[in-house]
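Before anything else, here is the set of structures, which you'll find just below.
Across the two complexes that follow, subunit A remains constant while its partner is subunit B and subsequently subunit C.
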Partner chain A sequence: MKCRRCREPAIIDLRRHNAAFCKDCFWRHCHEQVKRAIHDFDMIERGERVLVAVSGGKDSLALWHILHELGYAAEGLYLGLGIGDYSDESGRFARDFATRFGLVLHEVDLPGDVGFDIPDGSRAARRAPCSACGLSKRHLFNQAATQLGFDVVATGHNLDDEAAVLFGNTLRWDAEYLGRQYPVLPAAEGFAKKVKPLVRLGEREMAAYCVTQRIDYILDECPMAVGNRHLHYKELLNRLEDSSPGAKAAFLFHFFDKAHQHFADAVVEERDALEACTVCGSPTPAGECAFCRLQARATRSDAIPVSIGRRPV
Partner chain B sequence: MKVRLRNPTRDIEVTGPKTVGALLAQLDIVPESVIVIINDELVPHDVRLADTDEIEVRSVTSGGAT
Partner chain C sequence: MKCRRCREPAIIDLRRHNAAFCKDCFWRHCHEQVKRAIHDFDMIERGERVLVAVSGGKDSLALWHILHELGYAAEGLYLGLGIGDYSDESGRFARDFATRFGLVLHEVDLPGDVGFDIPDGSRAARRAPCSACGLSKRHLFNQAATQLGFDVVATGHNLDDEAAVLFGNTLRWDAEYLGRQYPVLPAAEGFAKKVKPLVRLGEREMAAYCVTQRIDYILDECPMAVGNRHLHYKELLNRLEDSSPGAKAAFLFHFFDKAHQHFADAVVEERDALEACTVCGSPTPAGECAFCRLQARATRSDAIPVSIGRRPV
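Take a look at the complex of A and B:
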């Protein structure tokens, strides 16, 4: 198999693009896809400060590397979730990456700085671990960005992540979530701009990017996420992609082009009507924000600790 | 050939020679969900694997709902 661009031996074949690439041309392909996403969705203006949400996994480290290579002023934020050895190890990968490339990594430790970890917090608040984790990440990344003066929060959500989320939202015809699903959420009072520059790249490309760039990342899956619906949707979509290459990208990008606008108005109205949280000041529909309610329940003295890997009731 | 599968990590023996694509088909692995690595280098699906090769089949699927 030869590289489509230079005819050297290929290291990866991408059926979605009906192409194979050598190492150098594959890196160029990844950079071009990110540049195109940033351009098409007006994600980042030159001179804007970017905070990359870094997990120690392949997607966030590849994103940080690509933004750095493209010349963006990108610093990282690692959120320690308190998920036992998994968090210890993922934090090490994030720090090692920052040290190797001389980049600034900020850190927030959920148990130490906020008072709870994801296993115990989700149990106490009676939320699924992935739900408590997602809520905590969205709140704390936005809070850090606004406090540290960043214009943009960039996350490593890739084409597979977004297609799986869209699949789940569509199965339920969840109009609110469909309205929010877009590669860029503009800045608003109390909100930094949020962008997903990897939306044109699949997770196979991101893993390949890290391996070929010799970027070490955590291989283990989060023990709290094992068996969740999101992973099941990815498996279904990969089966579909195998028989119909390009199906995932068509599903996602035709949604952005043709359907998203029909769900977006309600989200804009909802965002315009937000008030300041009575506890932390973050935007919320009324009273205490969802994160402050989670924190209050998770840090109550009668909260029940759980061990890693146990599923919530 | 020796094949190391990830998530969870386990080692198996598979008789060669055969292509990467044929190996994945034999193991009922969807090609879109993995990368295949030999000696720290990626290989595409048409590469022919020898009986003496040591191969890593690495899952690329990750993440909880956000």
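Take a look at the complex of A and C:
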């Protein structure tokens, strides 16, 4: 198996591209895919400050690495979710990465700073853990970005993640979620811009990127996500991809090209109608935002606005 | 396991309905699902003449049986596709059914009446067999219905078929196909109305219906369809259904309710712009219709318009 570009021995083959690459050309391939995603979807302007949502996993660390190498002013934010050893370990990987590359890592610790961890909080609020976790992450990353003056929040969602989410949303034809599913969500009153620069790269590519660039990352899946639907959807899409390489990328990118717009109008209207949360000031349809309500139930006290950025590394 | 309706011993359980039925209540369930589909989608008006597309398989024979029992004036049309023993045998099941219930079965024999069979024709025209077959069926059923004065063509596509087709169309976000996928396609200049009254019933239900009503049908799948994508999509959706009963029906019916309309406008415009085929007079975008071109290539001669209805049983 030879590298498509330089004919040296290849270290990885990518069936959907009908190509194999050596280490250096694979590095270039990953950089090019990220550049192309940023360009095609107008994700980041030169000079904009980027906050990378860092979990300590392969995707977010590879994303931060690539954005840094491409010359973007990218700092990280790590959320300590209070999920036992998993959180302790993932935090260490995030901090080690920041130290090694001399990058700024901000941190928010849910139990210490917000008053609840995901396992207890989701139980108290009677929400599925992945739902409470997703809500907390969206809220806290957005709040941190606006408070700390970042223009853009970049997350490590890769092609496999996005295809599986799209699959779930399509199974229910959930117009609101379909309207929101796009590699860039523009900034709006109270919202930083959100971008997904890894949308053209798959899970296997991100693992290979980290291994070849000697980036250490947490290997375990989150123990609370085991058995969730999202993983089941990934498995079904992998079976599809096995029999028709490229099917997953076609599903996702044809949606962006040919169908997303049909569902997007409702979302814009909805965003325009938001008010400030009476507790924390974040945009919300009315009254208290979903995160403050989660926090109030999880801490069984009045919700306390969270201030962020107190512990840069 | 007891029947949900009468508490007698059940013969079938339907996980997506969270119900089990005895033989009589299952018969009633199938009739009710067809009545509901006909009503919800305005499929057939009282007094309209219905042509049932009969293959000799479980779906089309069960459909014909149910429409007949519901009091519709339903005659059948069987197409002999020239696929060896499979066609010989399926034709026998269709004829035996018509004879047993005293119903009128029209027949068109592709090799004899149209000049090619599916295996040779698809090879000569360089089309996949399922593509050549689907095109021929759509054309000949529509032509027969308009020539013989039927208002409606009813096909035996069931919930599993439709969900698998929707899945394939969604994987490519094919707007034109998505716009056309609906349980009823209204009549238009040169087009009879097309309806799918089994859209609320699954494959397993149709097999059980035939077994319990002692309707003999061809058990084999078409030998030319083995290994096609459609069957692979069915298998993936079955895995999904196993882990979340009802997921398949939700996928299909939420599409009809919440998404189909977004894709439908293009189809209406396209239908309005059709002209008469220069050979057979069927509606087509321009010049010779796709079926006449297939026929010309398959028979390697000038296309001959087909006249239908010469051999009622």
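In this text, the second predicted complex is superposed on the first by the 300 of 313 C-alpha atoms of A that agree within 3 Å, B and C clash if a C-alpha of one lies under 4 Å from a C-alpha of the other, contacts with A are read in each partner's own complex, and residues count from 1 in each chain.
Throughout what follows, contacts are C-beta pairs under 8 Å (C-beta built on N, C-alpha and C of every residue); 3 or more make two chains touch, one makes a residue touch a chain.
Just so we're clear, the structure is a prediction, and the values are computed from it rather than from any experiment.
Within the superposed three-chain model, A:A188 lies out of touch with both subunit B and subunit C [touch as defined at top]. In the superposed model, A:L148 lies in contact with neither subunit B nor subunit C. In the superposed pair of complexes, A:A175 makes contact with subunit C only, with no contact to subunit B.
In the superposition on chain A, A:I11 makes contact with subunit B only, while subunit C stays out of contact range. Of the two partner chains placed by the overlay, subunit B and subunit C both lie in contact with A:R239. With both complexes placed on chain A, subunit A has more residues touched by B than by the other of subunit B and subunit C. By the document's definition of touching, of the two partners only subunit B reaches A:A225; subunit C does not.
Shared interface residues of subunit A, touching subunit B in one complex and subunit C in the other, are 229, 239. Residues 170-173, 175, 229, 232, 236, 239-240, 243-244, 247, 250-251, 254-255, 257-259, 262-263 of subunit C touch subunit A in their complex.
On subunit A, the positions that touch subunit B within their shared complex are 1, 10-13, 15, 20, 57-59, 129-131, 133-134, 137-138, 157, 160-161, 165, 168, 202-204, 206-208, 211-212, 219-222, 224-225, 228-231, 234-235, 238-239, 241-242. Residue ranges on subunit B touching subunit A, taken from their complex, read 6-7, 30-35, 37, 40-47, 58, 60-66.
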